[in-house]
Structures are given as C-alpha cells and as structure tokens.
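The next part holds the structures, each set out as structure tokens.
Two complexes follow with subunit A in common, the first pairing it with subunit B and the second with subunit C.
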Partner chain A sequence: MQYQSQAVAKLYFTAAMALFLAQIVFGLIMGLQYVMGDFLFPEIPFNVARMVHTNTLIVWLLMGFMGAAYYLVPEESGRELYSPFLAKLMFWIFLVAAGLTVVGYLAVPYATLAKITGNDLLPTMGREFLEQPTITKMGIVVVALAFLYNIGMTVLTGRKTVVTIVLLTGLLGLAVFFLFSFYNPDNLVKDKYFWWWVVHLWVEGVWELILASILAFVLIKTTGVDREVIEKWLYIIIAMTLITGIIGTGHHYYWIGTPGYWQWWGSIFSALEPIPFFMLTLFAFNTINKRKREHPNKATVLWAMGTAVMAFLGAGVWGFMHTLAPVNYYTHGTQITAAHGHMAFYGAYAMVVMTIISYAVPLMRGQEAKSNGKQVLEMWSFWLMTVSIVFITLFLTGAGILQTYLQRYTDTPLSFMVVQEKISLFYWMREASGVVFFVGAILFLLSFLPDRKAAA
Partner chain B sequence: MHEVFTKSMARNIYYGGSLFFILLFLALTFDSQTAIATRDNHENLTPQVAAGKRLWETNNCVGCHTLLGEGAYFAPELGNVYKRMGENKEAIKVWIKTRPVDGVPGRRSMPQFNFTEEQLDNIAEFLKYTSEINTNNWPPNIQG
Partner chain C sequence: MWIFILAELLVFAIFFSSYAFARSGNVELFNHYQQTLNRNIGAANTVILLTGSLFVVLAVQAVKVGKLTQCRNWLLAGVGSGALFVILKSVEFADKFAQGISLSTNTFYMFYLSLTFFHFMHVILGMIILAAVAWKAQAGDYSAAEHTGVETGASYWHMVDLVWVVLFPLVYVIR
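Right, the complex of A and B next:
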C-alpha cells in the first residue's frame, strides 16, 4: 500500500463481507421457504426475507465498489485521498442507514415502515430492489454525492489514468441513474419504464464500467503488463458495453405496455450484450498469459480469471438464453430469470469485489500476499462458491424450463402453485447447493484471519 | 501491426459510440412516451386505481408476486389475475380477506393484511386496470 489513506477501504470491505454473509443467510431462508412454505411464517414472510436478501446484496456491492475506489484511486492518482475523514464519515452514515433499514424490514410490517418513514410525502417504496424507505434513498444520494466528490477531487487533482476516468464515469452514472428511483408515477407503464433506468442501466450499464476498471487495475498490478495495452482493452470493452447495453434496455420493454418495436431493438441489441463479456474473458486470459511477473498472490489471479469467465457465463450466456423476444414470451418472470440473476450477480459483481479484497487486504497489512496455506484456503473458498453457484444456476434453470413448459408452453397449462409443487425437487437441490455456497463464503473470510505464529 | 488499432481509436469508439446510443435511446424513449398513451389504459387510471397502486407498493406485494412478469417468483403473476378470477373484483377481495393469520401449515401463504373494505376495493381496481394494459398478448395463457 503506497498511501496511508488507502486504508479507509478496509472499513468498506469489512462491512461488505458482513452484509454478504447476511445476504446468504436470508437466501437460505428463502430457499427453504420455497419448499417448506410455512417456514418462519408469519414472523419473516418471504417478501421480507427477499428484501433483506436483495438489499444487502446491493449495499454490499456498493460498499465493495466504494472500497475498491478508495483503495485504487489514490494509487492511480499518485496522491493521498482528498479527504479520508469524509470517506470514514460516509462509511458510518451508510452503514447505519443500511442497518436501520434492515432492522425496519424485520421489526415492523412493511406498511408500518412506509408510514413512519413518511412514504406518503414522496412515495418511492415497494418497487423491486427499491424497497428502501424514501429517507434511506435520500441518505444513499448524500453518501453517493460525498463519495463522488471525494473520489472526483482525488482523480482531478492527481494523475489521470484511463482506469480512474472509467471508474469515475461509472460511479457518476451510478449516482445519476439512482435519481430515477424517486420517480414513481401512478401510471404503471411509466413507472416500470423508468424503474429500469435504475436497475438495467446500473447492472447492464455503468456497473460494468466499474467492474472493468477494477479488473483492469488488478491485472495491471498482478501481471506487470504494459498499461497502454490494458487501457486499450478497457476502452474497447466498455465501449461495447454501452453500445449494446443502452439500447439493450429494450429487452425489458417487451411485455409491460411499451410499444412492440422494442421487441426488435431489445432482441437485437441485447443479443450483442455477451460480446463485451466475452472480450473481458479474452482480455483477462491474454493479459495473464502475457504476464511479465509472477505475482505471489495467486489467489487474486484466480479470482480475476474467475470473474471474467463467470461474468461471461452468467451475464452473457444465461442472459442471451432468454433475451430474444419470442423466447422471453415464455420465460419472462420465471425461474429462468432467477437462474440468470444469481450467476450474473455472483460472476460479475460479487466476484470482482472479492477480487479486489483478495488483492488489497494483504497489502493493507503490509504483505504482498498471504501465506501459502491461507491462499490455498482462499482458493478452496473460490471453488466452493463458484461451483455451488453453477449448480444453483443449473437447478434453477431446470426448474425454470419445467415451469415454462408446464405453465406456459403446453396445450394444457397448469396453475402456478401446481407447477411449483411439481418442480420442488429442483428447489431442494438448489438449497443444498446454497449451503455449500455458505461454507465457501465462511472459508473466504477465514482465509483472511492472521496466520498462527509458527510453533517455536 | 500493433499500432493499427491505437488507444485513441478505442477511446473515440467509446465516447462516440456511447454518445450516439445514448441519443438514440433518448429518441426512442421520447417516442415511447407518446406511443404508450394508446396502450397504458390511462383513461381508467382513477384516483381509486392510484390508491390501489400505493397499497400494492406499501405492502410490498412485488416481494412475492410478479406484476407483468416483474417481481418475485414465489407467488402467482397478478397482472392478469382479474381475468383469471373471471373478471370478478369481489373474488379478488374475498381471497385477500380470507387469508389465515398464521398461514396454511406446510404451504406458502399470503399474509393477512387486515385491509378495510375501501382498501380492498382500491386494490381490486388497481388489478383490473393493470389487466387492461396492452402487453403484446403476454402472458401466453390465463395461468400467468
């Protein structure tokens, strides 16, 4: 670690990992509710568990991105962070706001939470992923602006690199598109139309810029490959991301009351969305093959390669599978969507955060890499989590194909709940895979414990 | 060979390509907002429907159900539930009203929300309005 102020990243990484565990626990609760419908009912109904599961995911990824930015921007810019104090302050505000929100979800009925947080004054709650009380959303805006200011000032007054400029663009887009979460018209079609400006333009747009720049930074550091080469790749990957992904938003506009022409725009452009992910895979493998040094942190290199591959499979391949309008007509809103969501979020975003944690945490402790034993443990965690998310995805895909057939495709369609019972075997298998995933996540955290002193 | 495709060319593709497609997206969005008017059933968007949408939101219905295919996949699609229940608002109300507080043993259950009669009417109106949005014939059949 070259600059003292990079250390603020540790706070963010620690909180991110704690929330990651919470996310998995609530995922396991939901997984069980899928097959044992009355589990924890009515204390923690499914919708509450799901809010905690998805919202902790969003917050821990944002924490991870912020931690990544606080770590890499000073190093790239060749100066200390503009304001380490502001970074710490915003961390605590963010953590307390997120914590209170989760407590609110669990402690009172959602309608009560809406009432006591004044949702009536500016109704923004109760839409998927944007369930946070309006005041929490405002808090997120404040945190995001202070964060952008801090990172922006560091970048603009320091050495500007392609990595930091792309990262800053991505973070700026993240903040700007979040503002659409405050737009909630009574007209359901318009509500849904602009809801996607947050959700799609985040995960299939600006977040990919953040992902690519973090990955580029780690590859520069671990492979010693010429920055010029990496920067060229970075530009062309994010160019393809935005060229395909912006109009690709259209794949959400097939069946929600929007004009039929979106079936053409959405199908064609989102069919191209795997391209940047494939390029990301080529980029990572090429760069690692042409490495000019053997970085002692082998676990990080594994995470970097894994991110590229799993992002391509989860976002690219599993996304393509149901993105064409005639296919999506049958698969829209089934377990196929859930399958894609799980592998894409893990492969692209969870993994890139674990990549930067894997790289940066040892350096923040003054060592280039962890001991061999701890790295082996970390690699075990990589494989356990990655293989089990592949199985979660495969089981959900199996469930989704059957659901699509039995409920939508056959000449004698069955009702939703009848179909759900018929496919419960797949949900049991998914739950078992989820337990393995949880073990993998625990091992990841254990691999960061300090080494025991060698017995004298 | 290496310099055939330079970094500045890559950068220009990024800036130029992004800008072009952002503008195209804005143009399509602008057109969509006009085109939506013939499809979004806004003529039936009464204050009652708006109140129903608010109840839909503040009770986090989307946390279990899908609405026009978006939401959670734990409980049935409700975009067409009005039609599935035989275009009968009363049937929707009775269903919501009669959910047991402690759920049905062993099964997925909907919570008992203790809605007033007026709130039930609002929700039913909202679901009716939603079912009349032109969704390009989605879902494929009445099961949602």
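Right, the complex of A and C next:
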C-alpha cells in the first residue's frame, strides 16, 4: 500500500463482507420457505426475507465498489485521498442507515415502516429492489455525492489514468441513474419503464464500467502487463457495453404496455450484450498469459480469472438464454430469471469485489500476499462458492424449464402453486447448494484472519 | 477501432437479418409500404454519401504525401457531404412524421424508422470523427509517416457509407 489513506477501504470491505453473510443467511431462509412455506412465519415472512436478501446484496456491492475506489484511486492518481475523514464519516452514515433500514424491515410490517418514515410525503417505496424508505434513499444520495466529490477531487487533481476515468464515469452513472428511484409515476407502465433505468442501466450499463476498471487495475498490478495494452481492451469493452447495454434495456419492455417495437429493439441489442462479457474473458486470459511477473498472490489471480469466466456465463450466456422476445414470452418472471440473477450477480459483481479484497487486504497489512496456507484456504473458498453457485444456477434453470413447460407451454397448463409443488425437488437441491456456498463464504473470511504467529 | 467497426457492422447485420425475417412473414405489407418511401431522396443521399467517401479517400491520399492542408480540406468536404445527407434525411423524416407515421404504425415503418434513424446517428458520429481528424490535421498532428488517425477516421466513415449502401436497396428498392 503506497498511500496511508487507502486504508479507509478496509472499513468498507469489512462491512461489505458482514452484509454478504447476512445476504446468504436470508437467502437460505428464503430457500427453505420455498419448500416449507411457514418456516419462521410470522416473524420473517417470505417477502421480508426476499427484501433483505436483495437489499443487502445491493448495499454490500456498493460498499465493495466504494472500498475498491478508495483503495485504487489514490494509487492510480499518485496522491493521498482528497479527504480520508469524509470517507470515514460517509462510511458510518451509510452503515447506520443500511442497518436501521434492515432493522426496520424486520421489526415492523412494511406498511408501518412506510408510515413511520413519511412515505406519503414523497412516495418511493414498494418497488422491487427499491424498497428502501425515502429517507434511506436520500441518505444514499448524500453518501454517493460525498463519495463522488471525494473520489472526483482525488482523480482530477492527481494523475489521470484510463482506469480511474472509466471508474469515475461508472460511479457517476451509478449516482445519476439512482435518481430515477425518486420518480414514481402513478401510471404503472411508466413506473416500470423508469424503474428499469435504475435497475437495468445499473447492472447492464454503468456497473460494467466499474467491474471492468477494477479488474483492469488488479490485472495491471498482478501481471505487470503494459498499461497501454490493458487500456485498449478497456476502451473496447466499455464501448461494446454501452452500444449493447443501453438500448438493451428494451428486453425488459416486452408486453408491459410499452410500444411493440421494443420487442425488436430489445431482442436485437440485448442479443449482443454477451459480447462485452466475452471480451472481458478474452482480456483477462490474454493479460494473464502475457504476464511479465509471477505475483505471489495466486488467489487474487484465480479470482480475477473466475470473475471473467463467471461474468460471461452468468450475465452473458444465462442472460442470452431468455432475452429474445419470443423466448421471454414463455419464460418471463420464472425461475429462469432467478437462475440468471444468481450467477450473474455472483459472477460479475460479487466476484469482482472479492477479487479486489483478495488483492488489497494483504497489502493493507503490509504483505504482498498471504501465507501459502491461507491462500490455499482462500482458493478452497473460491471453488466452494463458485461450484455451488453453478449448481444453484443449474437447479434453478431446471426448475425454470419445468415451470415454463408445465405452467405455460403445455396444452394442459397447471396452476402456479401446483407447479411449485412439482418442482420442489429442485428447490431442495438448491438449498443444499446454498449451504455449501455459505461454508465457502465462511472459509473466505477465515482466510483473512491475521496470521497468529505474525511478527509483532 | 477495427473491433469497434466490426461490432457496429454486426449490430446492423442482425438488424438487416431481422428485417428479412419479419418481411418473409408479411411480404405484402412490406411491399405496399415500401412504395410510400421517397426513393428520390434516398438515391440522392446514396450519391452524396459515396461522394463523401471519395473525398475521404482523397484526404488519406493527401496525407500520405504530406499535404496536410489538402487533407484537411478533403475531410471538411466529407463532413459537408455528411451534412447534406443529414439535411435531406431530416426532410424525409419530417414528411413521414407529418403524416403521423411512427414506430408503432406497422412493422415495416418500425424497421424503416429504426434502421434509418440508427444510421442517421452514425452519420452524425462519422461527421464528428471526421471533423476531429480535420482539426488535428490543421494542428499538424499527422505526417506522411504517421497518419493512423486519418486512416482510422476514414475507415469509420466508409463503414457508415457501406451500411447505407446495403440499407438503401434493402429497405427502399428490393421487392
């Protein structure tokens, strides 16, 4: 670690990992509720568990991105962070706001939470992934603005690199599109239309820029390949991301009351969305093959390769599977979507955050890499988590194909709940894979415990 | 840049194939509404774009022998032909919109408007790229030995041209 202020990233990484564990626990609870409907009822109903599962995911990824930015921007810019104090202050504000929100979800019924937090003054609640009370949303805006200011000042007054410019663009886009969460039109079609501007343009637009720049940073550091080469890849990847991803939003606009041309626009552009992810895979493997040094942190290189592969499979392949309008006509909102969601979020975003954690945390402790034993443990956690997410995805895909067939495609369609009973075996297997995933996550954290015999 | 150009061509290729696919399911509708398009403006625009490509070729030739001012002038001529295309195309669009035609009118118009509009935006981007290259030529950033920038800009412009050369017969003429 070259600059003292990079250390603020540690706070963000720690909180991200804590929320990651919470996310998995609530995922396990929900997974069980799929097959044992009244498990933990009425304390934690399914809708609440789901809300906590998805919201903690978003917050821990945001925490991870912020931590990554606080770590890599000073090093790239060649100067200390503009204001380490602001970074720490915002961390605590963000953490407390996130914590209170989760407590709110769990402690009182959602309608009561809406009433307490004054949702009627500026109604923004009640929409999937954007369930946060309006005041929490405002808090997120404040945190994001202060964060952007801090990072922006560091980038602009320091050395500007392609990595930081792409990262800053992505973060700026993240903040701008979040503002659409405050726009809540009464017309349900318009509501959904703009809701996707947050959800889709985040994960299939600006987040990809953040992902690509974090990965590029780690690859520059671990492989010693020339910056110029990596920057060219970065340009091509972000160009393709934006060409395909922006109009690709159309794949969410099928049959929801939007004009019919979206079926064509959405199908054509989103069919090409796997390309930037495939380029990301080529980029990572090419760079690692041409490495000019053997970085002692082997685990990080494994994570970087894993991110590139799993992002392509989860976001690219599993996304393509149901992106064409005629296919989506049958699969819309089935377990196919859930399968894609699990592998894409893990493969693209969870893994890139773990990549930067894996790279940065040893350096923050003043060592280039962890001890061999700890790295082996970390690699175990990599394989456990990655293989079990593959199984979760395959089981959900199996469930989704059956569901699509039995409920929608066959000549004698069955009702939703009857179908759910029939595919419960897949849900059980998914739950078992989830437990393995949880073990993997625990091992990941254990591999970061400080060495006991470390010289004081 | 080549990867970028190939990617752009891929998008258009898929769009063209979709057009062919949609048309095969509804030939009569496509033939009927194809008649309503303004083929004269379309033909004029084809000539204009091809002329623009010629200017760009001349610009590349000029820079190869170190004639930077000539290179800049040919590039600007290329931008000019792009501007002419944009004006004529706008007249055509205005006419269609005045008739109340939109993306939702029917499948043919959906494709006609989408394809021509995406291409229209590419012409504008091509003009911006040519203008930027002309600006750098003016500033003396290129030479007979080093002129990759000019060739790259020219390649992009030829791509825009190429797409139109496929688009025009496909959407306006072929029955």
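Worth pointing out:
Here is the rule we go by: the second predicted complex is superposed on the first by the 453 of 456 C-alpha atoms of A that agree within 3 Å, B and C clash if a C-alpha of one lies under 4 Å from a C-alpha of the other, contacts with A are read in each partner's own complex, and residues count from 1 in each chain.
Operating definition for what follows: a contact is a pair of C-beta atoms (placed from the backbone, for glycine too) under 8 Å apart; a residue touches a chain by one contact, two chains touch by 3 or more.
Note that the structure is a prediction, hence the values are computed from the model and not measured.
Aligning the shared subunit A places subunit B and subunit C next to each other free of steric conflict. Of the two partner chains placed by the overlay, only subunit B lies in contact with A:238; subunit C stays clear of it. Once chain A of one complex is fitted onto chain A of the other, the partner contacts of A:50 are limited to subunit B, with no touch recorded for subunit C.
Contacts of A:160 after superposition: neither subunit B nor subunit C is touched.
Of the two partners subunit B and subunit C, more subunit A residues are in touch with B. Using the contact criterion defined above for the overlaid structures, shared-chain residue A:42 touches subunit B, although it does not reach subunit C. By the touch criterion defined above, A:193 lies against subunit B but remains apart from subunit C after alignment on the C-alpha atoms of chain A. When both complexes are overlaid on chain A, the residue A:291 reaches neither subunit B nor subunit C.
Once the two complexes are overlaid on the shared chain, A:271 sits against subunit C while remaining clear of subunit B.
Shared-chain residue A:10: touches no atom of subunit B or subunit C. Put simply, subunit B and subunit C get as close as 5 Å, counting only Cα atoms, in the superposed view. Of the residues of subunit A, those at positions 236, 239, 243, 259-260, 265 touch subunit B in one of the two structures and subunit C in the other.
Interface of subunit A with subunit B (complex): residues 30, 33-34, 36-38, 41-42, 45-48, 50-51, 110-111, 114-115, 119, 123, 125-128, 131, 162, 184, 186-193, 228, 231-232, 235-236, 238-239, 242-243, 246-247, 249-250, 253-260, 262-263, 265, 329-330, 332-335, 337-338, 407-409, 413-417, 420. Residue ranges of subunit A in contact with subunit C, taken from their complex: 236, 239-240, 243-244, 259-261, 264-265, 267-269, 271-272, 275.
Those residues of subunit B lying in contact with subunit A across their complex are 5-7, 10-11, 13-14, 17-18, 21-22, 24-25, 28-29, 31-33, 35-36, 39-42, 45, 49-50, 53-54, 56-64, 66-77, 101-109, 111-113, 129-130, 133-136, 138-144.
Of all residues in subunit C, those touching subunit A in their complex are 3-4, 7-8, 10-11, 14-15, 18, 22, 103-104, 110-111, 114.
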